[in-house]
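Read the structure below first, then the notes.
Chain lettering (A, B, C and D) follows the sequence in which the chains are written, and residue indices restart at 1 in each chain.
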Amino acid sequence: MMSFTFDTAAALLIVAMGGWIVIVPDVTRAVIGFIVYGLMLTIVWVRLSAVDVALTEAAIGGGLTGMLLINAAGRLRSARPVLRTDAPVRFIAALLCAAVSVSLAAVIFMLPSPAPSLAPLAVENLQQTGLGNPVAAVLFAYRALDTLLEKVVLLLALLSVWSLATVGFWPGLPGLRPPALAGSTLDFLARHLPPYGIIFGVYMCWNGASEPGGAFQGGTVIAAMWLLVMIAGMRRVPSIDEAWLRRSLVAGPAIFVVIGFAGMMVAGSFLAYPPDHAKLLIVVIEVALTLSIAAVLGLLAAGPPVPESRP
Amino acid sequence: MTVVLDALTVAAVVIGALFFMAGTVGLLRFPDALTRLHALTKVDNLGLGFIVAGLLLQTGELLVALKLAGVWLFVQLSAGIVAQLVAQAIVQSRRRS
Amino acid sequence: MSGEALFGLVGAAVIGIGLFGLVTNADALRKLLAFNVLSSGVFLFFGVVARRGAAAGLGGDPVPQALVITAIVVAFAATAMAIALLTRLFDRTGSATLGDSSTDEGGDA
Amino acid sequence: MTDFLVLAACFVMAMVALGLIGIAVRGPGVDLILAVQLIGSGGTAILLLLAVATETPPIIDVALMLALLAAFAAVAFVASMPGATGGKVEVADDSRP
C-alpha cells in the first residue's frame, strides 16, 4: 500500500516535469528541467526492479546528456528568438497527441497475461556464461552481437561529429574549453572528485559480472570524470589525432571482434565462447569496452574540433 | 534489542526527514540565491546524514554499512565543493548585473 | 492497479507530451529535448514489459532491460550528433531552427 | 519497518517536489541549478531508503551514481554560464597544421 503511494507520487512528478520541459518558455530552464527529470527517472527504474537501467539512466540520461544540452543551450543563447506555432495548431496537436497517449495507455491494459518472459531461459543458461548478473549475460553472451554493433554505432556517431569540424581545423581540438572562472574552487573539485569517481567507475565495471553495473555504467562515470578534469583546465583537451586516443577508441570493439572470430574457430560460431573460459573472455571484453566507452562518450560530449577562439 | 534499534532508526529517519523539510522551507522562503543555496546544501546534507545513520542500524552486513557511510561521505565532499562553485557563480552574475 | 501498470501510464503520457513538444516547438534544441522526453517514455514501456516478465527469481525480464541500456547509450550518441549539427548550423546561419531558411544569411544550410 | 522507510521516502520526495515547484515558479537565474542540487541530495536519500526498505543493496550504487552525476551536471552548468567561457583558453600550437 505504502509503496503504491510512493509510485503514484513518483508518477505524478515525472509527468509534471515532462510537461514543464515541453512548455516552459526559456531553453535553459527546460534543459535543467530535463536533467532533473533524468535523475528522477532513475528512481522509477529502481521501482521497476531494473537496477542496471537505473544506473545507466542516472549516468547518461541525467549526467552526460545534461552536460551536452547545457553547453548547447549556452552556445545558442544568442540565436534569434523563434516564434511558436499558432494557438489553433497547438490545440489540434495537443488533441492528437492526447489521442496517441490514450491509445498507448489502452495498450498497457491489453498486454498478454501471463506475460511472456525470457527470464527463465536467461537464468537457466547463466551457469554456462559464468556470470551472476543476467543483464550482463544478455549484453555480452546471449545478444553479444547487438552490443558489438552498438559499439560500432558509437564510433560512427563520433566520426560524424568529428566530420563537422570547421574547414582547416582537422585534426584539431574538440570544442570543449575551460571557462574563465577556472579558479581555486574548480581546481579543488577537479583534484578531489575524480579519484573517487574513477574508483567507482572501475568498481562498476568489475562488479558488473555479478551485480548490477558493467562496462556502460563504469565507462560513463570515467568519461564524466575525464570531462570534469578537462573543464577545470587541469588536463589539455587532446587533439583528435593523438595515437593513444585513437587506440583507446578502437581497443574495445577490436578485442570484441577478435574474440568473436576466435569463437568461430574454437566454439563453433561467431561470438561464441568456449564454456570453460566464458567468464574470463567476457571480463576481458568488458574491461576493454569500459576504456573505449569512456573515450567515445567523453569525446562525443566534447564535440567537433573548432577554431581556437570563439566569438 | 531489535525494538531499541528500530526505535533509534525511526527517530533518526524522522529527524532526517524533518531536516529535508527545513531545507525546502528555506528554499521557498529565503529572499535571495545565496541564502537559499545555504539552506539547501547544509540542511539537506545534515538530513541525509541522519537518514544514513538511521539506516546503518538496520543493516546486518558490514559491506552494506560501509557503502552507506561511503555514499554519505561522498555526498558531503561533492555537495560541499559544488555549493562553493555555485556560490561563486551567483556572486559573479550579481557583479555583472 | 499495479505499480508497473501505473508506470506504463506514465510512459504513455510522457510519449504524448514529448510528441507535442516535438511538433509544436520550432526551436531545434527544444525539439531535441522533447524527443528525449518521448524516447524516455518508450524506454518506460520496455521497463513495464520487463517488470511484467518477472520470473525465475528475477525482478524483471533481463532481455528488455538490456535492450533499454543499449537504447539509452545510442540515444545519447544520437543527441550528441544532433547537437553538433545544430551548433554548426547556428555558426553558419545564426539561426537554430529547422523552419524556413530562405531568410537566413548563411545560405547553404 | 519497511512501510515506515517507504513512508519516509514518500515524505522526502514530497519535499523535493515542493522545492522543485518553488524553483520552477521563480524566474530564470543562477539558482536554477539548486534544482539539481536538490535532486542530488533528496534523490540520494530516497534511493538509500528504498535500498534498505526493499533489501536490495545494489540500489546503494545507484544512489552514489546519482550523487556523482548530479555534481557533474552542476559543474557543467556553472562552467557554461555567460561570462564564464571565452577567457582562458589553453591550446598547444604543435597540433595545428
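Going forward, a residue touches a chain if its C-beta (ideal position, glycine included) is under 8 Å from a C-beta of that chain, and two chains touch if they have at least 3 such contacts.
Because the structure is a prediction, the values reported are computed rather than measured.
*Asks:* What chain pair shows the greatest number of contacts?
*Replies:* Counting C-beta pairs in contact per chain pair, the top pair is A-C.
*Asks:* For chain A and chain B, let me know how many angstrom lie between their CA-based centres, rounded off.
*Replies:* Centre separation, chain A to chain B: 27 Å.
*Asks:* Can you check how far apart chain A and chain D are, centre to centre, with Cα atoms defining each centre and the answer in Å?
*Replies:* Once rounded, the distance between the two centres reads 17 Å.
*Asks:* CA centre of chain B versus CA centre of chain C: separation in Å?
*Replies:* It comes to 32 Å between the two C-alpha centres.
*Asks:* Can you compute the centre-to-centre distance for chain B and chain D, using the mean CA position of each chain? Integer Å is fine.
*Replies:* Each chain's C-alpha centroid was found; their separation is 12 Å.
*Asks:* Pull out every residue in chain C that's touching 2 or more other chains.
*Replies:* In chain C, no residue touches at least two other chains, as defined above.
*Asks:* At which residue positions does chain B touch at least two other chains?
*Replies:* Correct list: 74, 78, 81-82, 85, 88-89, 92.
*Asks:* Provide the list of chain D residues touching at least two other chains, using ranges where the numbers run on.
*Replies:* 33, 40, 61, 64, 68, 71, 75, 78, 81, 83-84
*Asks:* Name the touching chain pairs, would you?
*Replies:* A-B, A-C, A-D, B-D
*Asks:* Considering the complex alone, what residue numbers of chain C touch chain A?
*Replies:* That would be residues 3-21, 23-27, 29-30, 32-34, 36-37, 40-41, 43-45, 47-63, 65-70, 72-81, 83-88, 90-91, 94-97, 99 of chain C.
*Asks:* Which of the residues in chain A end up touching chain B in this complex?
*Replies:* 181, 183, 185-186, 188-189, 192-193, 196
*Asks:* Looking at the complex, which residues from chain D come into contact with chain A?
*Replies:* The touching residues are 2-3, 6-7, 9-10, 13-14, 17, 20, 24, 28, 32-33, 35-36, 39-40, 43, 46-47, 50, 56, 58-59, 61-62, 64-66, 68-73, 75-92, 95-97.
*Asks:* Applying the document's contact rule, which stretches of chain A touch chain D when the two form their complex?
*Replies:* Within the complex, chain A contacts chain D at residues 1-3, 5-6, 9-10, 13, 17, 20, 24, 26, 28-29, 32-33, 35-36, 39-40, 42-43, 46-47, 51, 54-55, 58-59, 62-64, 66-67, 70-71, 73-74, 77, 168, 170-173, 177-182, 186, 189, 193, 196-197, 200, 204, 207, 211-213, 217, 221, 224, 227-228, 231, 233, 236, 239, 241, 308-310.
*Asks:* Under the definition above, what is the set of chain D residues touching chain B in their complex?
*Replies:* Residue list for chain D touching chain B: 1, 4-5, 8, 11-12, 15-16, 18-19, 22-23, 29-31, 33-34, 37-38, 40-42, 44-45, 48-49, 51-52, 57, 60-61, 63-64, 67-68, 71, 74-75, 78, 81, 83-84.
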